[in-house]
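Some structures are shown below for you to check.
In the two complexes below, chain A is the common chain; its partner is chain B in one and chain C in the other.
This part shows the complex of A and B:
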């Protein structure tokens, strides 16, 4: 056990123990432990096997930044053990090792694989012979990838939500700078959100001696009213929108100003064996000690480039870790911590660093020496089980870059630092070069105040203070850097030296990629996949640039960095997908269709009764007795105002201003290109009001089309969309008149209520608008009423029709009935190219209208030039029903058109349909061939409705 | 693409609340030539810069309005109802 005695400020609660399993073995933990800290305390040192070479990897950063501790938790792969809290009973298993983490057969690639697995080895190795690729693919697929996803997941077991949060100021990062910024902005009156990826704000303060200060700053921010989001990493910056992932919620934070206090990433060093379990970043070792009271090793060597590593050495010494030696790359000078180390008799090597790490199954020793010394000179080999490295830091500028910031190479500090921050964004703390605690806090306070000032908050005093602070920061920043810049690789020894831990890319691979011509950082990235793994460049961006500069003989500034792209933090796809959401529209009568046993299918956004089990019988009932169909899905608009007639005259190719009150007229809507976009009926309710119906799928678009032109023209008209507010049913058939007459005081005789009349009357005690129209070809009444009365009206009509043979009918029989009448369905029989002349409706275009209307100019041209294709009916010579889309050709000709609708009609005793054909063939009796899935079928063109061609039945 | 538009009726809202009507494309005032008609129907200027365009508050009040937007930065400089436009 490597658990230390109780420590001040530790995150674990020793009075509460939890237990979970790792690869089937029970592990005990304290409340507050992460999987990583509990496993390490229990003696686990190998946490994963690497991506390509299956090398052992252990805890390195303990902050969710490197890929070394990825495990599978229950059904979720790719979870970082070092930050994932332990839950009672969770099942943790290793990834990417078989049969076990300790004995991984694929680790053979580490021994023999080097020369065979260079960058691009898939394409180099497995290309020949070509015919073996299916076999290669099978093997590669099983070898590639990490973790296992359950193949079938019948239902989402967890829900995720989006939350939109508009704020004055968003602060990303809850370290000393972020907390100060949030508090400063909020204290001036701004509405502030702070997002921090850790379980408690504080950042580096938490493990580096500033726990009390972190608490104070957090308390101050809370008191100022800051909304603190914990365990909430920011994923990216998109045009001012920052998605923040917190558990099951994706906060879409949009703030007027954003303060990025994202800190810096402690960098590893490049030397052979730099990935061995036991090699840890100084921050990682300290987090284990301070947060979880876990001893990271017994005998340690420290390799540092600045005081941060030396401070860590002192802290580890205090925790009871033996420090065998400290290698400080800086050649001279005695900083504070260096003096303290010497006073405690710790061996200190100046100008030296780690040249090599050795060990089987884990770190056993290191070689220290000067990176520039000739082979062997002044080297020291030291046995140890912990190597603490601190290779300087890389400002975490990714999110800033995504929002438009630019960076440049700072030679003195050896890092890519911000050179430009876009307006609306602020950088504070270590990401802005203010890494010391005092300057980080000041930098945060200044940025927070400036963000608030930009929004009009603050007073004279706050402005003065911010300006003073700015000057102090500039002075601090002008001081010389206190760090040495490590060379790209500190040794020419044998052994793999990893530039990219996620994708197992070695220094040699980068060398090779340059040799093969991928000599730009962006190309090398794509070829070697460096920076493309789970760490998103945190550990590998800077080393890759250094190596690239060395290989190409250029400077780091010339090499530059790769483009920063989201996501900055790994996130489950399900969180991005949001809540499973499939909106469906249902008519107010829908429950009745279900009770009647309807087959319900999707029709656009609507759930509609396709049939009630007997589409043929339902259609025949309409011909022989009566049928009732729910047509509530129709779009319904009320167009009202002194200019209502004028508006409709401008929107439709035919005339409506002369429509008499109480009459109905069919209309087709065309675009200015003369193409049919929708159709429907219009009833004039009174002088100033029209009731317009549209197709079911076109309802929303036509409402917007109407209001758009109204906005442009500024006519005195009001348009109200009553689609959802009104229900509608169509009662049709030879006995419809008898049925409706029993329910309404209205005179429904053939003379009293003629075809294309529209009347308002009570039906079954409910106020209704009744339109005598006939989409299905029989005497019909389309009855519209308030949705609340829909079911009542439906029930009353079915009751009244019970003795008359009335049956409900669905969408499918309606399609057959309308086809018999050659009533077109927009979008089914027409497409975006169809115009009214081709669609055999030249009569609907009134070019003699005095005023302009939408589509006029294009339609004038179509009227002059006869259309090349025409929509016609056809009757099949045999009983075959051609597929919709089947090709029409003249007898023995080339393809010239296509079938749009086809049905078998029991009423007509044959197969009928509609099709687009060359205009020359659009005459009755013309023989055409329909080629349907290889079969050549004979058909005959029909240009008048199949059923009741003269409309006598309809008008009766 | 993600930004905020200010509906002249309702105030600032996420862009996903709105429908886009494209750049202003005035309808010819008198009978156009075939070429003019083709250009009106099928051609747009598609500027890289400030563009005057139509928007509709689809998930809100339903109003159509004008916006002036910089297509390079998505900065919206102005929104106004047609009746308020000069």
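This part shows the complex of A and C:
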């Protein structure tokens, strides 16, 4: 056990113990422990195996930044052990090692596979012979990837809740700067949200001597009304929308202003063996000590480029870790921490760094020396089980870059720093170059105040203070950096030197990629996959740029950085999926259809009754007695006003201004190019009012089409979409008249209510609009009423028809019945090229109409030139039902058309259909061949409706 | 008038598009002003407590919803309407969608009378003015309680913070990925409007979101009268 005695401010609660399992072994932990801290305290040093070479990896950053501790937790792969809190009974298993973490057979690739696995090896090694690629692919896919996902899981076992949160100011990052910014903005009256990755706000302060201050700032922010989101990383920046993931919630934060206080990422150094378990960043070592009271090692060496590493050495010393030596890359001078170390008799090597880490299974020793010295000169080998590395820092500018910020290389600081921050965004703290506690707080306070000021909050005093703060920061920013810039690689010793820990990319791999022509950072990224792993470039961006500059002989400024893309933080795909929304429209009678045993399918955005289990029987009932179908899904518009007739005349190719009150007329909507886009019926209700129906799927588009043109023409008309306000049913069949007559006082006789009449009357006690139309070819009444009464009307009609053989019928029988009448279905029998002339409806185009109308010009052209293809009916010579889309051709000819609809008709005793054919073939009795899935089938063209061709039944 | 078929009749029960969902959740119905209304689900006191402490939602689809177009929409309810703000007048909410289109929300009992008065006004209007009864076109859910805003946050990006949407604020927009509108009727009470055909879907969405926040359905009797809720308007 490496648990330290109780420490002030530690995050663990020693009075509450928990237990969980790791690879089947029980592990004890305290409440507040992470999986990583508990396992480390229990003696575990290897946490995972690396992506390609299966090398051992141990805790490194303890902040969820690196990929070294990825484990699988209760079936969820890719969980970072160093930040995931322990829960009682959780099952943790290792990833990417077989048969065990300690004995991983694939680690042989580390020993012998290096020469065979350079960057892009799968493009080079596994391409010949080509026939073996399927085998290669199987092997590669099996070897690649981390963790295993369950192939299925019960629906909704786990899901993410989306939460939309508007705010005046969003602060990303809960360190000293972020907390100060949030408090400052909120104290000026702004509505502020702060999102922080850690389990408690405070950032570096928590583990680096500022715990009390962190808690003071947090309390101040809370008192000011800031909504603090903890364990909540921001995933990206999307034009003012910042998704923040917090457990099972994805906050979609839309803020008027955003303050980015994202800090900086401590950087590793590149040297052979830099990935051995036992090599840790200084921040990681300190977090283990300060937050979880875990001793990260017994004998340590520290390699630093700035005081941060030296401070860590002092803290570790206080925690009882023996510090064997501190290598400070800075050549001269003695900073405060250096003097303290010397006073405590710690060996200090100036101008030196770590040249190599050694060990099998874990760190056993290091070699220190000057990076520019000749081999062996002044080197010192030291045995140790902990190497603390502090290679400087890289400002975490990724989210800012996604917001439109730009960065440039700061030679003095050896990092890419912000050069431009877009309007609406503010940067504070270490990401803005204010890394020291005092300047970070001031930087945050200024940014928070400025964000609030931009929204009109604050007063003269707050403005003055912000301006003073800005001036102070500008002065401090000019101070020289107190850090050395490390070389890309600290030594030329043999051994793998990892630039990218996620993807196992070595310095040599970068060298090879440049040699092969991938000589820009973006190309190298794609070729080697550096920066594309779980760390998203946190650990490898700056080292890769340094290596690239070295290999290409250019400056870091010239190399630049890769494009920052979301997600900034690794996130399960399920989090992005969110809660399931499926806006399904249902008619007010839908429940009844279900009770009647309907098979329900999607039809556009509606759920509709496809049939009631017997589509043929349902169709026959319509011919022999009566049928009832729910057509509430039809689009329905009220068009009213003194210019309503003119509007319709302009929108349709036929006339409506001369339609008599109480009459119905069929209409086809044509586009500017004269192509059919929709159809429906129009009933004139009174002089100024029309009731327009459209196809079910076209309702929304046609409403927009009407209102768009109305706005352009400025006619005195109002349009209201009443699609969802009206239920509509179609009662059809030879006994329909008898049935409806029992429910309405209206004269429904053939003389009193003729074909294409539209009348208003009560049916079953509710006010209705009844249209005498017949899409299915029998005497029909389309009855419309308020949807609140839809179920009542349906029930009343079924009851009234019970003794007349009335049956409900669904969409499928309706499609057959309309096919018998050769009534077209828009979108089924027509496509974007179909015009009324080709669709055998030349009669609907009134070119003699005085009113100009949409598509007139094109329709005039079509009228002058006979169509090349025509929509016709066909009757199959045998009983085969061709597939919709099957090819039509002249007998023994080449393909010249296609089938659009086909059904077997029990009424007609054969297979019928509709198809587009060359106009020359559009004549009754013409024989054509239909090629369907390899079969050549004979059919005969029909140009008049199959059923009731003269419409006598319909009009009767 | 030409459009009586758009309106409900006392002769037959008018049903909300969410009636089946409410019934499945245990609603007790009463016929009120021609509509089957879910008046309670459990103990009314417990439902009031739910609205006071968490969040409750009630089906108010029976409300009268009358669309005005033309000049009437600009000057309705006795005053000029401002976009984004509903006017409480004459026992009804007058909600502007655009400068030429508004929706009037009233109790079911007063729908017919108000519609007739508006139709008379439309006829005497110098310009074209339209009055259309959309009571059956739109479903309505009242969402009340301290968790109401959080409930909305689960399915709409409409900004309902008090500083943006004060009492009386009317916000047409995308609700659960569909066209809808939200009216803030009181400090912690909102009315959500949506296409009637989406009733079942919306009930599912709201029930799911509210359940996660300790809420659930309540009968209309658990809600304060609209007028009382709108006192602050």
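Operating definition for what follows: the second predicted complex is superposed on the first by the 955 of 956 C-alpha atoms of A that agree within 3 Å, B and C clash if a C-alpha of one lies under 4 Å from a C-alpha of the other, contacts with A are read in each partner's own complex, and residues count from 1 in each chain.
Simple rule for what comes next: a residue touches a chain if its C-beta (ideal position, glycine included) is under 8 Å from a C-beta of that chain, and two chains touch if they have at least 3 such contacts.
If you're wondering where the values come from, they're calculated on a predicted model, not measured in any experiment.
When the two complexes are overlaid on their common chain A, residue A:471 makes contact with neither chain B nor chain C.
Touch criterion met: A:858 reaches chain B, while chain C stays clear of it. In the superposition on chain A, A:254 makes contact with both chain B and chain C.
Residue contacts after overlaying the shared chain place A:344 against neither chain B nor chain C. Contacts of A:239 after superposition on the shared chain: chain B is touched, whereas chain C is not.
In the superposition on chain A, A:724 makes contact with chain C only, while chain B stays out of contact range. When chain B and chain C are set side by side, the one touching more residues of chain A is C.
Of the two partner chains placed by the overlay, chain B and chain C both lie in contact with A:164. Overlaid on A, the two complexes show chain B and chain C touching the same residues of chain A, namely 164, 166, 254.
Put simply, chain C touches chain A in their complex at residues 2-9, 11-17, 20, 35, 61, 67, 69-70, 127-128, 130, 132, 134-138, 150, 153-157, 159, 161, 163-164, 176-178, 195-201, 205, 208, 212.
Against chain A, the residues of chain B that register as touching in their complex are 1-4, 12, 14, 19, 21, 27-28, 31-32, 34, 37, 40-42, 54, 56, 58, 62-65, 74, 81-83. Across the complex, chain A meets chain C through its residues 161-166, 191, 252, 254, 579, 581-588, 590-591, 606, 632, 638, 640-642, 685-686, 689, 716-718, 720, 722-726, 760, 762, 764-769, 784-792.
Across the interface of their complex, chain B is touched by residues 164, 166, 238-241, 254, 671-673, 703-704, 707-708, 711-712, 714, 721, 857-858, 861 of chain A.
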